[in-house]
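Take a look at these structures.
Both complexes shown next keep chain A, but they swap its partner, so chain B is in the first and chain C is in the second.
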Partner chain A sequence: MLVFVLLGVSVLIFAILMTFSPERRAMTYVETPQQVKDIPQIIKQHGLDDPAHVQYFRWLKQISTGNWGWSFVAADTVWNAFWRYLPITLELNLFTTPLIIIIGIWLGTQAGIHKDTWLDHLTRIFAIIGWSLPTFLFALIMLMLFYGYFPLFPPGIIGDKVQMFILENPDKFHSYTGMYTIDGLLNGRLDITLDALRHLAMPVFTQVVVVVALLMRVMRSSMIEEISKEYVITARAKGADNKTIYFRHARKNALIPVVTVAGWLVAFSMEGSVSVEIIFNRRGIGWWLAQSAIALDIPVLMGMCLFFGLVYVVTNLVIDILYAAIDPRIRLT
Partner chain B sequence: MADRHPRLKELKFTLYRIFRNPSALIGFCLLLMFGIIAVAAPYIAPPKYPRSPYVMPHKGFSPTPRPPSRQNLMGTTSGQYDIFYGVVWGTRTAFKIGFVVVGIAALVGITLGLVAGYFGSLADEIIMRAVDVAFAVPLLVLTMAIIVAFGRGLENVMFALALVEWRVYVRVMRSGILALRDMDYVQAAKVMGVSHVRIMLRHLLPNGIYPVLVIATMDIGSMVITAAFMSFLGLGAPKGYADWGQMVALARNYIIGPPGDPLKYWYTIAFPGLCIILFVLAWNLIGDALRDAFDPKIRRG
Partner chain C sequence: MPKLIETRDLVTNFYTYEGVVKALNKVGLVIERGTTFGLVGESGCGKSVTARSMMRVVQEPGRIEGGQVLFYPGEDGQEAVELLSQSEAYMQSLRGDQISMIFQEPNAALNPIMTIGDQVAESFLFHRKKEMCAKVLEDLKTADLPWPGLKKLLEFFYRRAAADPGDRLCCWASRTPILKRWQQRLFREARRRSVEIIAALDIANADQVVDRYPHNLSGGMKQRILIAMALACEPLLLIADEATSNLDVTIQAQILDLLRKLKKKSISSILLITHDLGVVAETCDRVGVMYAGSVCEVARVGELFRNPLHPYTRALLDAVPKFSVSGQLKSVEGNVPNLVDPPSGCRFHPRCPLRRKICAQRLPELALAGPDHLVACHLAGGRSGSAQVWGGR
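== the complex of A and B ==
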């Protein structure tokens, strides 16, 4: 099933690719301006005039060996550039995802327990506003306030001084993961970690506020549904106190539909990094994707479609496994 | 009045439920305001070039924004484009984007969802597998890929968004139809020899459309956001076109003013930004109220 989805995505991407003329597709093989005059040869050499199905299987073979083409924006092969940009986005999501899940589940539970109280209405207003805020606009406003008005959190990934230090002392700072917060700790340089965290604060906050709303609402309605079920009444009749009922009985069952949404949100927040990275000038996957779209860098966009398809497939797999862990009635076959 | 049509009675009850909700009232008021602005745009902000009213007029090319004055009610943004004019005509652009994208996507999605849900078997299998594949790539990424393939421009952004968003409606419509398909009244209609098309349009569609309406209402908001982001990146409306997303893009370099006066150019982002937020908020509030009104579980409390 999942393999099928991935294959389908590759067909979809290839279909988009085939809307380009052979000349334009030949451009993706060009790495220097001098090669532009060789385009007819490139078309012949790579068989870009062949029937569609022949080209598709050839393209699939290329993709699976890691030959994803050349990226103008990164001035590197798509494959290399991808691994260079990935840690930046991963770092952002490493901080946002747990926050989104913890805050979303906690607030949603509270709102569900205290239905129709001021807390519930407050979270409802917060959810609708968070939902209506375009990420890029909210990010700009945050930048305006917390960099312009209160110069607290600068954009970028790390400060100039730290950047200079790393460039000048390549022997003192070894890049293990490409994530500055973790590398700083691994190198025993707490100041670099703190500096990176200072740059991360606003992007993380922006993304959490925008994404948490949905998870919160799903958790709330799921919690309300569970509380009205009969086993809760039985537990109450037995004399169990509210804390036991809500957190030991109801919440566990209420989590089941939430897992689907949470898994979906992980993929979604990868997508949300596009606007955050553009505004806060963090050169990660999202930034690269947007720049490539502006520069009409075809191989990057096709590669990203495939990458996000992979993220989706893996996320679905993880959701299935989590289901079995939460709900023992579901068995993996 | 007891013999009134049952659908009319239900509609009246639904409307009563919707308008009992204060947030829906706010949403409708906001939407009414935007609607009036959009319809009356030629009177509120008379176009300088009647042939192309969506082009924002600008005096000079100075990149530094000017504060609100008597000539420019909300000031000018970089490139001296009049913010007031852009905001007024941008309302029309936003309505256009929302209605066109959601209209096309919903039409395609509802049709396919109906067919998949009603006929089942092979048709269902083919359509739903295609939807699975379409769902695997996130909205923003796929939209960007399609825009790159077909070229920039507002029309292409709308086309690309519709091409991505139909998948949502198929799933929602199909699940609604699946619940109705085996009901007695549908079986009875089949036995009586009513044609497939007539069953789908007269008996299934009116009863299964409500979840789609809720999704569509909220989708208008999120489509406007996505289109604004595309324009912000420079993939959408051409330069000078009255579009809120592009006005935010024009303001981008001025969100932080000169040292000592960091919020000097607040008006460049405040007005178009506020418009986007309020417009989307209006649709979301209405969608939220619709969901409560249509939900059979809490409908008659």
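== the complex of A and C ==
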């Protein structure tokens, strides 16, 4: 299943790739201005004017052996650069994902229970701000407030002093995961973890506010719908108190439609960190992708399409498993 | 017969976007101990709302605006508790214990993602916790446990819970990981009781059914489960809100049979809401007829069928599907009135063949028109032998 979906994604990506002329694609092999006149030769050498299916299988073979091409934006192979940038994005999402899910579901539940009270209105305002304000604008405001006026949370990934220390003492700090918050702990350097967290606070906050809005609203309406169902009256007629009704009966039912939305939002958040990464100067996947898009670094764009395809496929798999865990009416086949 | 529950001038409104739906217009009913009371009327006349108002489980956007619901828990029917002025906590202790309800839609009335056992067990856990904790405590005396400290701890919790089911320490422990496992024996006891009550309702393999989910069961089975839930704590009043309307005829007969048997066994009274007059004739002792949010006529079953006094009751009885010579079916003429803007005076007057001037001006009160026969009609109120007004049936 997973493999078939990925193959489908790869065909699509390849089809997009083939809309470029052979000359255009040959440009990605050009590294110096002198080489430009060799383009016909490059086309022949790499078989860029072969029939499409021949090229597709050749490309697939390259991709599956880890040869994803050369990224001139990263000045490295796409494969290496990918593993260099991934931890930065992963670290951001490591913090945002649980926060988005917990806050979204909790606030949504409360807003649904206390419909049309001040709490509901407050979360509504919060959701409108989060959802309608463009991410980059919100991120800029945050940066202006908490770095410009109150220099509490600097942009970047890690402070200069820590950076210097790591560069000067490569033997004292081993990079296990590429995520400073975790590596700091693994190396027993709590100060490094704390410094990394200080740099993470604003991007995490921005990302959570932007993404949580939708999840919260979906949870709220789902909760309101469940509370009005017959089985809630049955529970009430049995003598159930509100707490039992809301948290034992309604919430679990309300979660069923929310699981899908939560999954998609988390997947979206993986790639949706582009503006956050640019504005807070965190050079992760999103930043790299944006730079590559501007510079038309085709191998990067292709590789990232495949990567996000994988992210969505895995997300869907997780959603299906969660569904089966919550809802006994669904059985995994 | 002593009274069990009584409503007086019950008024319930729904605040919808279209306007205020005046669903109940001073409903007055008396249900006696140990009897089956039938409540009939066209769909939308407020039968369900009456029942839900009695239990105070009216759904949003409904609100009970006035009147009284008097509950007589004592055998003699003397001391009354006014339910509308009680606290929500009191109502919670009453619902499912003294008064319980089964619903029209067995498919919608069960939580789809909770096992049958857990749903039935809730009834016991809400109302029989004290008793069950005492039972577990008793069993613990002879139980073999891996180490004595555990036994001490369990006994400590169960003793506290048996003394006071809402004990703070026990509640706290129930929310704490690992510690909350002290309740396991309580849950096992609740489950044992659930299996017992389900088995008592003629369900085969009760010990397997408790682990199933609602979607695994047929409609009739689900309705039995709902009855099991309602009867778990042996209530004084069972409200069956069209409990058989959505089942096919044979299952319907089985369920009604079951209700009749259960009523004989325990003394509980039943409020049977239905629009099937055949069911009423077979099952009920007394009947109330409702129209557009008011009660028009209340009488013993035989009396009502023999001598209907209210024009609406007569129309309803004529509408019962039966073949006349020409093979035609009659139905009540006209439309059910809009309850946002109900007709003035007697709500039936736009459809009533016998209306007088006064009918549109004054609401007729429910008044005695014969022995144990109440009618709300200006032409019948308080006059004996008023049946002659229209000639005998």
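The criterion applied here is as follows: the second predicted complex is superposed on the first by the 319 of 333 C-alpha atoms of A that agree within 3 Å, B and C clash if a C-alpha of one lies under 4 Å from a C-alpha of the other, contacts with A are read in each partner's own complex, and residues count from 1 in each chain.
Everything that follows uses one rule, which is that contacts are C-beta pairs under 8 Å (C-beta built on N, C-alpha and C of every residue); 3 or more make two chains touch, one makes a residue touch a chain.
Predicted model only: the values in this text are computed from it and were never measured.
Chemist: One more residue to check, A:K252. First (chain B), second (chain C), both or neither?
Modeler: Only chain C is touched by A:K252; chain B is not.
Chemist: Name the contact category of A:L190: first (chain B only), second (chain C only), both, or neither.
Modeler: So A:L190 meets neither chain B nor chain C here.
Chemist: According to the stated criteria, A:G148 is in contact with first (chain B), second (chain C), both, or neither; which is it?
Modeler: So A:G148 only meets chain B here.
Chemist: Under the stated touch criterion, name the partner, chain B or chain C, that contacts more residues in chain A.
Modeler: In the superposed model, B touches more residues of chain A.
Chemist: Determine, under the contact definition given at the top, whether A:V318 touches first (chain B), second (chain C), both, or neither.
Modeler: Neither chain B nor chain C is touched by A:V318.
Chemist: Check the residue A:I278 against both partner chains and state whether it touches chain B (first), chain C (second), both, or neither.
Modeler: Only chain B is touched by A:I278; chain C is not.
Chemist: Per the contact definition in the header, classify A:G239: touching chain B only (first), chain C only (second), both, or neither.
Modeler: So A:G239 only meets chain C here.
Chemist: Going by the contact definition given at the top, which residues of chain A touch chain B in one complex and chain C in the other?
Modeler: none
Chemist: Contact residues on chain A for chain B in the complex?
Modeler: Touch residues, chain A against chain B: 4-6, 8-9, 11-13, 16-17, 19-20, 128-129, 131-137, 140-141, 143-144, 147-149, 267-268, 270-271, 274-275, 278, 289-290, 293-294, 296, 298, 301-302, 304-305, 308-309, 312-313.
Chemist: Could you pull out which chain A residues touch chain C in their complex?
Modeler: 228-231, 233-241, 244, 249, 252-253, 256, 326-329
Chemist: Going by the contact rule set out above, which residues of chain C touch chain A in the complex?
Modeler: 52, 55, 57, 59-60, 89, 92-97, 100-101, 103, 105, 108-114, 122-123, 126-127, 213, 215, 226, 229-230
Chemist: Which part of chain B faces chain A closely enough to touch in the complex?
Modeler: Chain B reaches chain A through residues 23, 129-130, 132-142, 144-150, 221, 225, 228-229, 232-235, 248, 252, 255-257, 262-263, 266, 269, 273, 276-277, 280-281, 284-285, 288.
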